[in-house]
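Two complexes come next, and they have one chain in common, chain A, joined by chain B in the first and chain C in the second.
What follows is the complex of A and B.
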């Protein structure tokens, strides 16, 4: 069997970036959630907020660590799998990634230690400042990376001479046409992810009859944030849809599952299709009449443009874009329904006692992650066959590397990342199973390795005080 | 079927319909102005419900 280096490079990057995005999504959302919780604790002095903070800090820390490590890999992969892309896009993309490290990553890394280990050493207010800095760092990080990726989607501010790219306007590179909409879309996705995770864990404890006080508070926070955020997200998503329809029509044509240059009127909204890319038609399609016209053209009889408007050699694969979009949009609708149901149950005073709703929240725990992944698949597979839209094709961006090298590194990545995800899931489930009462709150730096390994250092700093071991050096 | 039973069934259906209406408004089916208005009303309504109906045990 002859291996295809281009395909392997794409599979490798798709695998590593898909794995990576799970963790920044969680850590962006959880960092801001932790900042809100700590602010509530400082304001109200209610112990439950400190309990929530400690509980989610452990999971945040693990996700943050894996996110950083898997993010570094991606930079190396530009060289390993997509050297021609790095060579061409370097003048525009390189400084953005460097700035992400210099501003966001340094900020996060600098204050993360205080956030994780410092509450009993620096005082609550300075600790809150550290938490805010970490949260701002995650926002900055997302901002730079989204700027770079959005530039690949809607390149601006550059000129190309003899295959070399020159930046004419940094302002246009940074604030490219899709960045203003894609950044809030991604940030809201991260906050939604955290909200549904928090609500799901709270619902699980309520179903099991454990940690009632903690569970009720987390479920309230998760559903309240989730309800408000999902409304904002569908609004931003619709605006982004219009923007991408203008700048990348082929992506949205593929996302809607129509082939004809103009669909029938009224257009249905397809939920299931079996696309036949070679013959430019659907073998089978199932949809809701009128809904396509209503949702996509905002009229009862509007027509939707199909993928045949784009030349064949410039078309993305419809199946991938269509189903990624349906998963993202479908989950958004379910989240919206959950939000409305949570308001209704809150109004009726049954938010904590409706077991059917609690089970839905438990099943919705990973919904934010799945929706975010699907959204990124829409963005990336919908941009194909371009890696920089309209400038550089993906097949022309691949490194002249033997297929065997790409295959062996892909296998290595799969093995190493399997260990990462297993460790993350095992320790996360262990933390959830133990509950907030038994979560090791802070790995206190005692100044002595011997003290650091004593169990009570992890369990209760107060016990340290009682046992005459000084916390502050 | 008694009136109270009918009302009991009608309430969640009304809530669902209102939810669908808000969804359609927010995604811009009725235009951008109504989308912004729908979003604002939904968010304010959600905040009002959470503030006005504290569920027993959630407060400490």
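What follows is the complex of A and C.
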């Protein structure tokens, strides 16, 4: 069998980056959630917030660890698999990622140790500061990397002379046309991910009749944040859609499933298609009449542009982009419905007792992760055949590495990452089954959180062990 | 201003910090293999847990500085060391997740300790392999890597690959002597006394071998003989003291001597490689990106690095002193 190095390099990158993005998405969301929880704990001194903090910190710590080690891989993979890309794009994205490391990775890493192990050493105030620094680090990291990726989607601010790229204006590289919308889109996605995870676990405890206090509090917070965020996300998504339609029409043409230069009027909204890229048509298509015109052109009879507007050799694969978009969009609509339902049930006072709704929340626990992954598939497969849109094609970017080496390392990545995800899931389920640890009441009774921890810092470790205030369950 | 030279200094700074800081983390990991007592292993891992993440971040710093400031070198070196780098990344992955997973796993903790130790050992070996591969020289044609991915499977890289884990074990032993309780002191001393001579001898063989097979290194010895000879003698003295280190030595002494071994080694290698960034084929200036890119990296580094160093120092200060026997949470 003849192996294709370019295809293997792409599969390897797609696999490692897809695996990686799951964990930062969770960490960005959970870090901010933990900062909110710790703030509530410091303000109200209710032990339930410390319980919530400790519980989610355990899962956050594991996810963060996997995010770190799979992220390091990516910073080298630009060169391992795509040397030509690295050589060309390095002058533009290299400094951005260098600033990401300086301002974000070090910040997260420097304060993570304090966040995980430092409560007794530094006291609650500085500990809260550490939690905030980690949360800010995840935000900064997202802004830099979204800037670099958005530059690949909508490159600006550079000049190219015989294959060498020079940056003319950092402002234009950094604030490129799509970054301003893609950054809030990704951040909201991460917060939604955390909201649905938190709400889902709370709902599970309510269904099982366990840890009621903890469950009610997390369910309330999760659904409240989720509802506000999904409303915002629909709005941001709509603006982003317009931006991408302007700068990368081929992506949006592929996402909607139309081939004709102009669709029929009124246009339907397709939910299921069997695309035939070779003959530039759909073998089968199923949609809702009128909805395409209404949603995509905001009019009753508008026509939608199809993929044939893009020359054949510059088209992305329609099937990938279309279904990734449908999964993301479909999940967003379900999230929206869940948000509305939660408002209604809260108004009726039945939020904690409607078992059907709690079951839906349980099933929605991973919805944010799936939607985010699907969104990234739209962004990345829709940009093909380009790696830097309009500047460098993916096939021309591949490293001079033999296919056998690429194949064996791909297999190694799949095996090792399978171990990571299995361990993560097993341990997370175990933490969830065990439930939050009870926090001893005296943290509240002593009046001051500071006094609850300070006196035991270094002088008598036994008392601390007995008092059972360890941060991680 | 000579921007590529300044960028190269920052790159060397980041790489040195990585080698030193993750060096003792990896060393502690390697030494886990030789510690059969569960409680001691626990204590050893605890001593590096709060700060390992920051230490490892310096390798990303070095990697992306290379990408931003010397994209040509990045695009030649990574395909050239494709296999050892990927194996190193996977090994670092196992080491990194084991910090979290071993805490979660009560019954199978020893398995995660094995993953931790083997991960550390393999990562160290692969880094040594890359170092040896660099000394051997990288084949470049037409601004592309023109050798084979198996070029690292030669005597020089393999000797250097075996040497580096011993060097990291010296650092790890020094760190444990500094941070651990009384019961582990004997283990730490013994680790240093055994690892130091192996490291010095193997590294010495690798250097002599490199002079023999690489004419560029040979000519560097001819032109910078005295400086290099000074570095070598200091290296020999430091490793001699480490080999005979006694139980009564000051706790910080072996760690500082271990650091000096690495600083001396890195200085020597930098002197030999200069002005090449891809050894013996591409210079700093040939590989450099345009001045706008260099400037952004350097301005960022100039303003942010002091802050990074400050709060990293704060983290070390918060977890200062001997590692508590019950772990940091107690």
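As a working rule, the second predicted complex is superposed on the first by the 438 of 473 C-alpha atoms of A that agree within 3 Å, B and C clash if a C-alpha of one lies under 4 Å from a C-alpha of the other, contacts with A are read in each partner's own complex, and residues count from 1 in each chain.
The criterion applied here is as follows: contacts are C-beta pairs under 8 Å (C-beta built on N, C-alpha and C of every residue); 3 or more make two chains touch, one makes a residue touch a chain.
Small disclaimer: the values here were computed from a predicted structure and weren't measured.
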Query raised in the report: Should A:344 be classified as contacting the first partner (chain B), the second (chain C), both, or neither?
Result: first
Query raised in the report: A:421 contacts which: chain B (first), chain C (second), both, neither?
Result: neither
Query raised in the report: Can A:238 be said to touch chain B (first), chain C (second), both, or neither?
Result: first
Query raised in the report: Touch check for A:48: first (chain B), second (chain C), both, or neither?
Result: first
Query raised in the report: First (chain B), second (chain C), both or neither: which does A:411 touch?
Result: neither
Requested in this report: On the superposed three-chain arrangement, identify whether chain B or chain C touches more chain A residues.
Outcome: C
Query raised in the report: After lining up the shared chain so the two structures overlap, which partner does A:288 touch, if you call chain B first and chain C second: first, second, both or neither?
Result: neither
Report task. Classify the contacts of A:333 with the two partner chains as first (chain B alone), second (chain C alone), both, or neither. Result -> first
Report summary line: Residue overlap on chain A between the chain B interface and the chain C interface none
**Report entry** Interface residues, chain C side, partner chain A - complex
**Finding:** 49-51, 53-54, 56-57, 59-61, 63-65, 67-69, 71-72, 74-79, 82-83, 85-87, 89-90, 92-97, 99-101, 103-105, 143-146, 149, 289-290, 292-293, 296-297, 300-301, 304-305, 308, 311-312, 314-315, 318-319, 324-330
Query raised in the report: Residues of chain A touching chain C in their complex?
Result: 58, 61-62, 65-66, 68-73, 75-76, 78-80, 83-84, 86-103, 105-114, 116-122, 164, 166-168, 170, 399-402, 405, 409, 412-413, 416, 420, 423, 427, 430-431, 461, 464-465, 470-472
Requested in this report: Would you pull the chain A residues touching chain B in the complex into a rising list?
Outcome: 46-48, 212-213, 216-217, 220, 224, 227-228, 231-232, 234-235, 237-239, 294-295, 298, 333, 336-337, 339-341, 343-344, 346-347, 349, 351-352
Report task. Quick one: which bits of chain B touch chain A in the complex? Just the residue numbers, please. Result -> 12, 15-16, 18-19, 22-24, 26-31, 35-36, 39, 42-43, 45-47, 49-50, 53, 55-58, 60
